[in-house]
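Two complexes follow with subunit A in common, the first pairing it with subunit B and the second with subunit C.
Then we have the complex of A and B:
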């Protein structure tokens, strides 16, 4: 659609520690024209006892798709079913990848603001949460990098934009680090079973590329911090 | 059984000072809570509202000695503000504009304490006969519900301000159609009173708003015609935009743009709207702190308007803030 090859990612840019004064961890991810800001606070004492678990950390994720994010301005209800479903699956994913038993009796609250949306909502949000958690210094087993892939006319396509997403069937995966393990797999419509493998294969390859780019940003930021420390 | 009065969760005694109950320490025994409540009813009225305000502001807490020190230094004839500003000085502001491709105008403002706000302007072509207001303000503050009284009151303040003072003519397209502006404000973090930040961000966004250029004729009284637009050329929106200033009153002193700590010790707060070289409505008091709210000497209102006018009417200052 936008002149990319079938296995090409959109422009991926990320920044971590974008809100050093207001949050424990923060990140900004641009995937194509989608822009997501993620803010992590915690691990902190929970606001109410009922949310407390004696053995592990509890995750609180809120996803705010702003009314101005799409081309036509549209007010979204926070309790919209699709948003709630995404939150639930994100929660399950990150409960598995954060070493939650390191932080008993605490909550980690994650807030994502989607500023502009051009396809790949779940993948952009997942990547931004991973980066913000790393920035907050929360122990994780590995990166969760996420990308979407669709299927059109016998060819798998990587990283769809909004127009492609509207017309094609696609899936979003979250990959654990450099392995081929999936932490997240969301398929909202149908893909023929015999073609699924090819779609997954390019998605995994794309996910590894994104992991490398996120890693590069984290290391760049780490070096920056280190040089500041060294200069003191 | 301990009762949590507010947001902060720590096991300390509630302290009483000459300024009222210290708000940093919010956990006490149930019986004690009742006693304090009877003794200082003013600190606890509208307690639901208080908790709402506290939710977004977690670092405002001062100890009794810090509070009294700060109060004395802001109360004295020669004001010493904790960050060394003079009474007319704003905190450093960082801003970006035009970073949202899908909006007609956008801006982001970050204050030095980490408060941050993003504004998007979207325009839609509407039939003038059917729309009363050509400006619609929508506000979202992270950590607050959309229907919370805090958010709603801020929304209505801004809505009335912009709907009244952004001239309809500047949004005119043809004799039938006009642009309607949707101003969406997203506050990502706020530690001090967010009105100034929001109004400055909106000012910036409106000043950097580009609307599609009209290619069909302006006069469509005779012929039924839908307006058509140029494919890629845009026209910059030309509007004059009102700005809101927050002033904290401490004793006989007025200071502009109070930080969270200054808000905590202030006697009262004022918002002053400024448009076209003169103060306009809405102008009034705001709750800046939870505890010691004192009544306001009317002379101080005049004083704070003078303070705002000395800032707003000096082109140098406005340029510094808004460039």
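Then we have the complex of A and C:
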């Protein structure tokens, strides 16, 4: 559609520590034309007693898809079923990957704002949450990198944009680090079972590439931070 | 054996500067003990945060580049009361969890040796209520990492006559003293947790500092190790001063010029935080002097001004060595 080859990612850019004064961890992810800002607060004292768990941290995720993010302007209800479903699956994913039992009696609150949306909503949000959590210094087992992949005319396609997403069946996966373990798999429509493996394979390869790019940004930022610490 | 130890150490110092990221294999040698910021699977130690590797004897830990304040015993901190409970206050100190301040670990009006009774329990809100700021010392840590505070010294207690400021806790350089008097009639408490309190220097404090000048510097040591001669002085002073006044909510008269100086200092600390320079007394003063080039304190928080002053402070420091 936009001149990419079937196994090419869209342009991926990320920044961490974008809001150093207002949050514990923050990140900005651009995946193609999708842009997501993520803010992490915590671990901190829970706002109410009822949310307190004596053994592990509780996770609060909120996802705000701005009304101006897509081509047609429409106000999305916060309680929209699709958004709620995404939040639930993100929560499950990150409860597994954060070492939650290191932070008993605390909450970690994650807020995502989707500024522009051009496909790959879940993957961009997942990547931004991973980066913001790392920035906040929260202990995680590994990176969760996420990418979508679709299937068209016997060829698997990587990292779809909105137009492609509308017409094709696609899945979104979240990969744990450099392994082939999946922390997240969302398939909202149908893919022939015999083609699934090929689609998954390119998605995993794409996820590893995204993980490398995120890792590079984390290291770049870390070096910068260390060099500043050096003249303390 | 010694050779291998040396090799290990060299290896350690070499890798000290390197950054590890979550999920990265730190070592597969089972002799290392796993510290903070790591986890292990099948005897391999992985990093769980982005940071630098630190090795102390056989303890291997990863220190995160950024993170919330982690209290340590003896830290001088500034906090805010969030809750008044049974015989205790909850204090927000910017850590993962609120700290507790027990009724037994504060000074109450009427002298040090006074026992706390039920009446005190009932009027706890008269001493400290929600939203009050105080400075305190971390007395001990609980199993889960939360802190217990105490204010059993004249240095600690409720704060007034000033402004509150928050900076990243990693920028506050730990030192022997965290409470300083600055030129211009302003005092600062640089809490280790990144909470800063700037206030007008009280008249009492000024007298004290005048009398301190004559004394031996060693006798002034903080952290509770008073020499015998000094202790007697402290106790009498404590009795004189631990009246209701230390829990008063009423601010003193603060002149316009002092208010402006406080604002200027506040913006100076913001500059240091913005430029991510470690905050020390010397740098705050240097920054204050550099800021004199701008007549209005409000101008200091322009982005370019912040950057230029930050650069000035660093370069000036390099010249001085």
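Basically, the second predicted complex is superposed on the first by the 232 of 232 C-alpha atoms of A that agree within 3 Å, B and C clash if a C-alpha of one lies under 4 Å from a C-alpha of the other, contacts with A are read in each partner's own complex, and residues count from 1 in each chain.
Methods note: contacts are C-beta pairs under 8 Å (C-beta built on N, C-alpha and C of every residue); 3 or more make two chains touch, one makes a residue touch a chain.
If you're wondering where the values come from, they're calculated on a predicted model, not measured in any experiment.
Undergrad: Check whether subunit B or subunit C contacts more residues of subunit A in the superposed model.
TA: Higher number of touched subunit A residues: C.
Undergrad: Given the touch rule stated above, what does A:45 touch, subunit B (first), subunit C (second), both, or neither?
TA: both
Undergrad: Looking at A:71, would you say it contacts subunit B, subunit C, both, or neither? Reply first, second, both or neither.
TA: In the superposition, A:71 touches subunit B alone.
Undergrad: Once the structures are superposed on A, label A:23 by its partner contacts, choosing first (subunit B), second (subunit C), both or neither.
TA: First partner only, subunit B.
Undergrad: Should A:105 be classified as contacting the first partner (subunit B), the second (subunit C), both, or neither?
TA: second
Undergrad: Answer with first, second, both or neither: which of subunit B and subunit C does A:113 touch in the superposed model?
TA: It touches subunit B, and subunit C stays clear.
Undergrad: Go through the superposed model and pick first if A:178 touches only subunit B, second if only subunit C, both, or neither.
TA: In the superposition, A:178 contacts subunit C only.
Undergrad: Look at A:187 in the shared chain and tell me whether it touches subunit B only, subunit C only, both, or neither; answer first, second, both or neither.
TA: Neither: A:187 stays clear of subunit B and subunit C.
Undergrad: Enumerate the residues of subunit A that count as touching subunit B in its complex and touching subunit C in the other.
TA: Correct list for subunit A: 20-21, 45.
Undergrad: So in the complex, which bits of subunit C are touching subunit A?
TA: Its residues touching subunit A are 17, 19, 21-23, 37, 39, 46, 48-52, 64-68, 82, 92, 96-98, 144, 146, 168, 173, 273, 276-278, 314.
Undergrad: Note which residues of subunit A are touching subunit C in the complex, please.
TA: It comes out as residues 17, 20-21, 24-25, 42-45, 99, 103-106, 134-143, 176-178, 215, 218-219, 221-223, 225-226, 228-229, 231-232.
Undergrad: Quick check: in the complex, which residue numbers of subunit A touch subunit B?
TA: On the subunit A side, the touching residues are 19-23, 33, 35, 37, 39, 45, 47, 64, 66-71, 73, 75, 78, 111, 113, 115-116, 118.
Undergrad: Touching subunit A in the complex: which residues of subunit B?
TA: Residues of subunit B touching subunit A: 7, 9, 100-103, 112-116, 118, 120, 122, 124, 138, 140, 142, 146, 182, 184, 186, 188-189, 191.
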